[in-house]
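The same chain A turns up in both complexes below, where it pairs with chain B and then with chain C.
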Partner chain A sequence: MKEIVYIAVGELRYWLRSHLALGGSLVFLMLISITSILTTGHINAENNARVQQQKNAEDTFLTQPDRHPHRMVHYGHYVFRSPPPLATFDPGLDAITGQSIFLEGHRQNTAMFAESGASADLGGLSWLSPALVYQIFAPLIIILLGHGAIAREREAALLTPILSLGVSGYSLVLGKALALLIFIIIIMIPLMVTCTIAVFKGADPIAAGLLFCVYLLYLIVWGIMTLCVSSILHKRSTVLAVLSSCWFIFNLALPSLAVNFVTYTTPLSGKIETDLTLLADLHKVGDGHNINDPAFGQLREQLLKKYNAQSLADLPVNFRGIVAIEGERKLTNVLNSYAARRMAGETQQSQQLANYGWLTPTLAITFISRSIAGTDLANYHRFQKEAEALRFSFVQKLNHAHAEQLSYSDDIQRNKDEASGLKARINASNWKSLGSYHFKKSILSDRVKSAFYSFNILLTWFFEMCIMLFLCARGINS
Partner chain B sequence: MMMLQADSLHIKRANRAALNGINFHVNSGEIYALLGGNGAGKSTTLLSFLGFLKPSQGQVRVKGIEVKSNIAAARKVMTYLPESASLYDHMNAYENLKYFLQLAKRHVTESDIQHALNRVSLNQDSWKIKLRDYSKGMRQKVAIALSILRDTDILLLDEPTSGLDPAAIDEFHALIRDLANNGKAILMVTHDVYGACQVAERIGLLRDGQLVGEFSSHSDAPIDPQIVHSAFLRNK
Partner chain C sequence: MNPLETPFIKTIRREIAFTARDHTVWFWMIIVTCLSVLSVAFGQAEIKHQHVQIQSLVQANEASNTLESSKWNDWGSAAFYHYHMTYDAPSDFAFAALGQRDNQPWKHRIRMLALEGQIYERDVSNPSITIIGRFDFSFLAAFVFPLILIMLLYDLRASEIKAGRYHLLVSSVSHIASLWPLRTILRTTAVLLCLLVPMIFAGAINGTSLSTLLQASIMVLLFTLFWSVVCYIVSAWRQSSAIILTTLVGLWVVTAVVLPAGAKVAIDKAVPLPSGADILLHQRETVNDAWDIPKEITMNNFLQRHPKWANYQPKPPSFDWPWYYAFQQVGDQATENLSTAYRNGRLQRDRIAGWVSLIAPSSLLERSLQSLANTGTAASIDYEDRVRIYHSKLREFYYPKLFRHEPYDKTHLNKVPRFNGR
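Then we have the complex of A and B:
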């Protein structure tokens, strides 16, 4: 066993004396440090901005004067999504999906970008996050360092003399693997720092630890792949060529192709056609502003019968408010069913894409990383659902106030003159029913659950690679 | 005692017969020199003793153990000096020796290493220079120092004197004579007919994977280089 350590130390010494290895590592460490600092700063600023914007939006809503309740329904309100603490490492979908939603009556708005920081004039290039650097560039530096591990010895006719000392092929390969593992742990120091800072900012320590473990596993897969190729092929240049091709295929070609395939095989229905059918469905629900809409005829009859009233003016509640409540309820049901269908479609696409992790470990780690960091599709959907729940609740609270605090006669007179308009208002204290909103990070067990499938894929990659390495080492033995 | 033994050894390389049924042995305390033209199968013979090449027929034995059945045990008792003094360019002589000896599980002191380097008369100024700045002969000296330090019962030396200057060759011959006198068995591949005759007890002549002649020295009368030389050239 000692010889494994000696071989590892020998390899580390070689890297320390090689300009290529040192230069490559330095460039990588600079790249990861810069992206870590920039992303952490950016996400923290983003978080502060969202919290502030949310507070401002709430203040604005609350300081509105007495008004007609339905005006407040249309006045609307904003909710903001603050990034989870681990977004400093992997912003995931957060970076490319909207962070704010405008909440108003009768509509479900899509999320918008809260700021113009990532504008189109940046050439469509996306933000380089620490996660992306580890997913894409770390394998490259591992290849750069590790490709010669065994091929170099073979090329320098050192393999036979080394083995003739009584060193087995297994020891040789394990020693090189140990050296590569040490190197991988060294280049993961920036990840540890970023995640530790995130923990101080509120991230779950377990989630941070899990991120470390899965990235370690991912980079080990690359390390083993590198060693396998290095031990099979005879020339360093061929090893490098083969590994670079693997890198290109696994990191660039396959993930993009997978997206193409998924979009082709599992298409989402187009926005325009869904919007048209949605419009038709909404039409059937009836217009909540119009008490004479036949859609509410039955409701009217029921109420008159219930209160034994002759006309709407005799009702103890404001029928316009009742219609608004009923209209919003029905309309929201329709909107929600469409939203659920869209989210299910998106989720299905995402699951299809995750399947391609069997072909490339890069996709597997992408999914695991986003899930654990809390920046995956499920999290984005959660934001949309929470926003919708908030929208529905505040609209209905206002509608209830409309039905209960404003009389029918005052309400229908509201446009007669200025005095009538002033009479058709409710007290501003009602606006408080809005409550305050904060988008919290999802619970850890949910995140782990959604990472589980891709984690199994990555684990399978790891075991497959171990078997490959075992076979390669056995080949060296003789 | 028979330390190395080849019994009707056949080896195939790249689907061609590299060794075609050779028989010979090396006793302890003996220097056996293998002579032969390029591609005759000399290096192949050494590699088969080390278990890197498996016999298609016949067998090789090291200290009586069949190599195929226990490669690890066989390698433990043999030192192999490869054809091209294979050492690490990015390390100096000291570091190279230390590294190889660590891997061979052989514990030596600093002074052992200094002693060995002195014995191969490697200039002390160059001990701490990286091997990429060494000449061929200097590298060869380090490789020889390593073979001494391994201190095994058997030495397999593939062209150990290649690149050495005449003085160094004489020193080397004295060195292996000394080792043999201490009971080591030495199998040495060489192209130096005169040197071989000076130092070896026996000489085997290989041609096309076959042992075509064996010459022995007799009490104090070394092998006559003239005879070996003409045998070498015959039928060429």
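Then we have the complex of A and C:
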């Protein structure tokens, strides 16, 4: 044990003397600090803006005057997607997904205005976030420091003397590993700071802790990989070249290539295509504006029979409102089934992509990180589902008001003249039924569950690397 | 002895033989060839998929219009229910640079209503796919290829010194000064050909114009030249290979990642955009208020811009379709300023990004290839402009029929302008 610590201290001392190690670490710490500050500021500003926009949208809805209820169904409402607190560390899909959805009767709109659509485009990796810096650049700095760990001793012909002193290959490797681990923990300080600030802004402390653990695991995987290569190859510069090649193949090439494979093998149809295919189903549902649509014939009979009425005018409820309720309900069922299918397709695609984590740990960590931060695809789908639930609820509340508070005779005469138009209105106090909306962060257990699959992959990487290191350590000789 | 066999030619021959014996060179040549083939093949497949998608969407939309058209009984309802596909077909070079096509909408299904409510719809790919981005030729050439060049060129000299051959070489070569450039050129050319040939081959299959392929090749060539010169200069530095390699990778990180990322933040800060939500809220208010205010106000607002229809007389008994479309257009007019600012702001950001990319070669190459392929931000805004023009043509088509109360005639629907998606 003592010799392990001794070797670790020696390695740390060596790094402190090495301009390369010091300079590299300094540049990395600067990069991560600046990125963290900028991202935190940006996400907080976005959050404030979207909360404000949500409030404005609600206020404008509430201040609308007395109106025909169906007017308000078409007037519609907006919901805004606020980023979760941990988005300051991993903004994930925030920038490339739409921020707001327009909610109106009879339609499910797409989320509009993604930040990426309006940003200056400089290509490649220009969306830097603290998470991305840890995923991609932290491994590079680990390689820079660790590549010489064993190769250096060998190149300087120091390996034989060290081993002949009675130090085993295991102790040597463990000592170097300990030094790397200490270094990894040091470079994770900015992560801890960013996540702690996020906790003060409402993030779950457990989620922040989990992020720390998974990134630690990920960087350890890279650390061990570095040590393995350093102990196998003889030339220091070859070690560095091989590791750098692994680095850009794992981080740049493989994830994008995986995207190519996945989109090719499981192509998705877009929203317009779905809209066109669901039209046939919508015809069966009937037009909720048209009380004479045969789709509502049975409903009419039932109601007339129930209230023992001769004509629609005799009904105690406004039949037009009833038809609007029924039409919206059936239509929403159709829309929801198609939306569910589209989301399932997207989830499947993203699941397939996650499978490629077996080839590169970078993909595994991106999926885990986004899930735990709550900025993944599931979160975006949750936003769309919540928006849809809100849309359906406020439209149906207005339709109920239509059926119950507006008489059928007033309703059918609404276009006769101005006075009739004024009569065919309901009180603006009904608009309050909209309620207020805030897109909250998802429940932690859900996030952990969705991170589980990729976490297993990362854990497998870790164990594989440990076995590799064991084998390498056993094979160390001069 | 062959009179052409000057010592210089001899050196070249020896160097070619030397390079051909080097396993590292072969390894990277194979890798680059594979990556290049994969990138253009998948790019090609995606383009084909998009063409098929466009075709099937246009057909499905036609079919649904035909189905619906039985219900249309006047020009007002025909204009209301008639949907039109607009799309931006991928160019014949898009296989090499898919650019913004996963992120920006390139297809819309629009109708005669206020355009502002429709044009920002985003029918785009799965975001968990978009965030990583595809491995297309432009990404390979601009971001991955320089790293491969670095791996090939960083230890040309240092490795010879280490191997103890350096002094032997110096004494055996007539012009030692020309040896390292020669090696650099040979290695660079080898991988550059592996990179370019699959792209040019795919271009030939696609019928990409020769000048486009030539321009693309020259861009990649210049970019490669830049990186090989950088590698050459840095590797001439009398330092250990580890330091040389680290410096080169560091240069890559700075020019390919840090500079673009920093510039992006700075540009977005420097050129503020109106919030998209404001455009939509404002547009909706104007459109919806029309129901509550006297029709004359709306019509006056409309006629100010379109005096052509000033002598229009509303037909009292029926629902007034011309007024309905007039307030839709007034809604668009109301957001015109915001919307133009949003458009111009994006263009401005893109222009500045173009200037900034002059100091970030990877961004410059990727942007240049995208602009050759018509898949950049400018192309996407250009598509948006064409949708706007098309929508105004629809208005020009329907307005005479609506405002002059022309009798509805189904056969005229054939003359509805069609979107030319190229």
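To be clear about the criterion, the second predicted complex is superposed on the first by the 460 of 478 C-alpha atoms of A that agree within 3 Å, B and C clash if a C-alpha of one lies under 4 Å from a C-alpha of the other, contacts with A are read in each partner's own complex, and residues count from 1 in each chain.
The rule is simple: a residue touches a chain if its C-beta (ideal position, glycine included) is under 8 Å from a C-beta of that chain, and two chains touch if they have at least 3 such contacts.
If you're wondering where the values come from, they're calculated on a predicted model, not measured in any experiment.
Asker: For the overlay on chain A, clash or fit between chain B and chain C?
Answerer: They fit side by side.
Asker: Going by the contact rule set out at the top, does A:P161 touch chain B (first), chain C (second), both, or neither?
Answerer: first
Asker: Can A:E3 be said to touch chain B (first), chain C (second), both, or neither?
Answerer: Only chain B is touched by A:E3; chain C is not.
Asker: May I ask you to name which of chain B and chain C touches more residues of chain A?
Answerer: The partner that reaches more residues of chain A in the superposed model: C.
Asker: Using C-alpha centres only, what angle sits at chain A with arms pointing to chain B and chain C? Round to the nearest 10 degrees.
Answerer: Spelled out: centre of chain A as vertex, angle of 90 degrees.
Asker: Pick one for A:Y14: touches chain B only (first), chain C only (second), both, or neither.
Answerer: A:Y14 contacts chain B only, not chain C.
Asker: Enter the shortest inter-chain Cα distance between chain B and chain C once the structures share a common frame, rounded to whole Å.
Answerer: Scanning every C-alpha pair, the shortest chain B to chain C distance is 14 Å.
Asker: Looking at chain A, which of its residues have contacts with both chain B and chain C?
Answerer: In chain A, no position sits in both the chain B and chain C interfaces.
Asker: Which part of chain C faces chain A closely enough to touch in the complex?
Answerer: Going by the criterion above, the answer is residues 35, 38-39, 42, 45-46, 49, 53, 56-57, 60-61, 64, 67, 85, 100, 103-104, 107-109, 117, 120-135, 138-139, 142-144, 147, 150-151, 154-155, 158-159, 162, 240-243, 245-246, 249-250, 253, 256-258, 260-261, 263-265, 267-268, 271, 273, 275-277, 280-281, 284-285, 288, 291-292, 319, 342, 345-346, 349-350, 352-353, 356-357, 360, 362-363, 366-367, 370, 376-377.
Asker: Sort out for me which residues of chain B touch chain A in the complex.
Answerer: 47, 50-52, 54, 71-72, 75-76, 78, 80, 82-84, 86-91, 99-100, 102-105
Asker: Would you pull the chain A residues touching chain C in the complex into a rising list?
Answerer: Residues in contact with chain C: 20, 24, 27, 31, 35, 38, 42, 49, 53, 56-57, 60, 65, 67, 71, 74-76, 78, 80, 92-93, 96-100, 102, 109-114, 116-128, 137, 140, 144, 147-148, 235-237, 240-241, 244-245, 248, 252-253, 255-264, 267-273, 275-277, 279, 346, 349-350, 353, 366, 376-377, 380, 415.
Asker: With touch defined as at the start, can you tell me which chain A residues reach chain B in the complex?
Answerer: On the chain A side, the touching residues are 2-3, 6-7, 10, 13-14, 17-18, 156-158, 160-168, 478.
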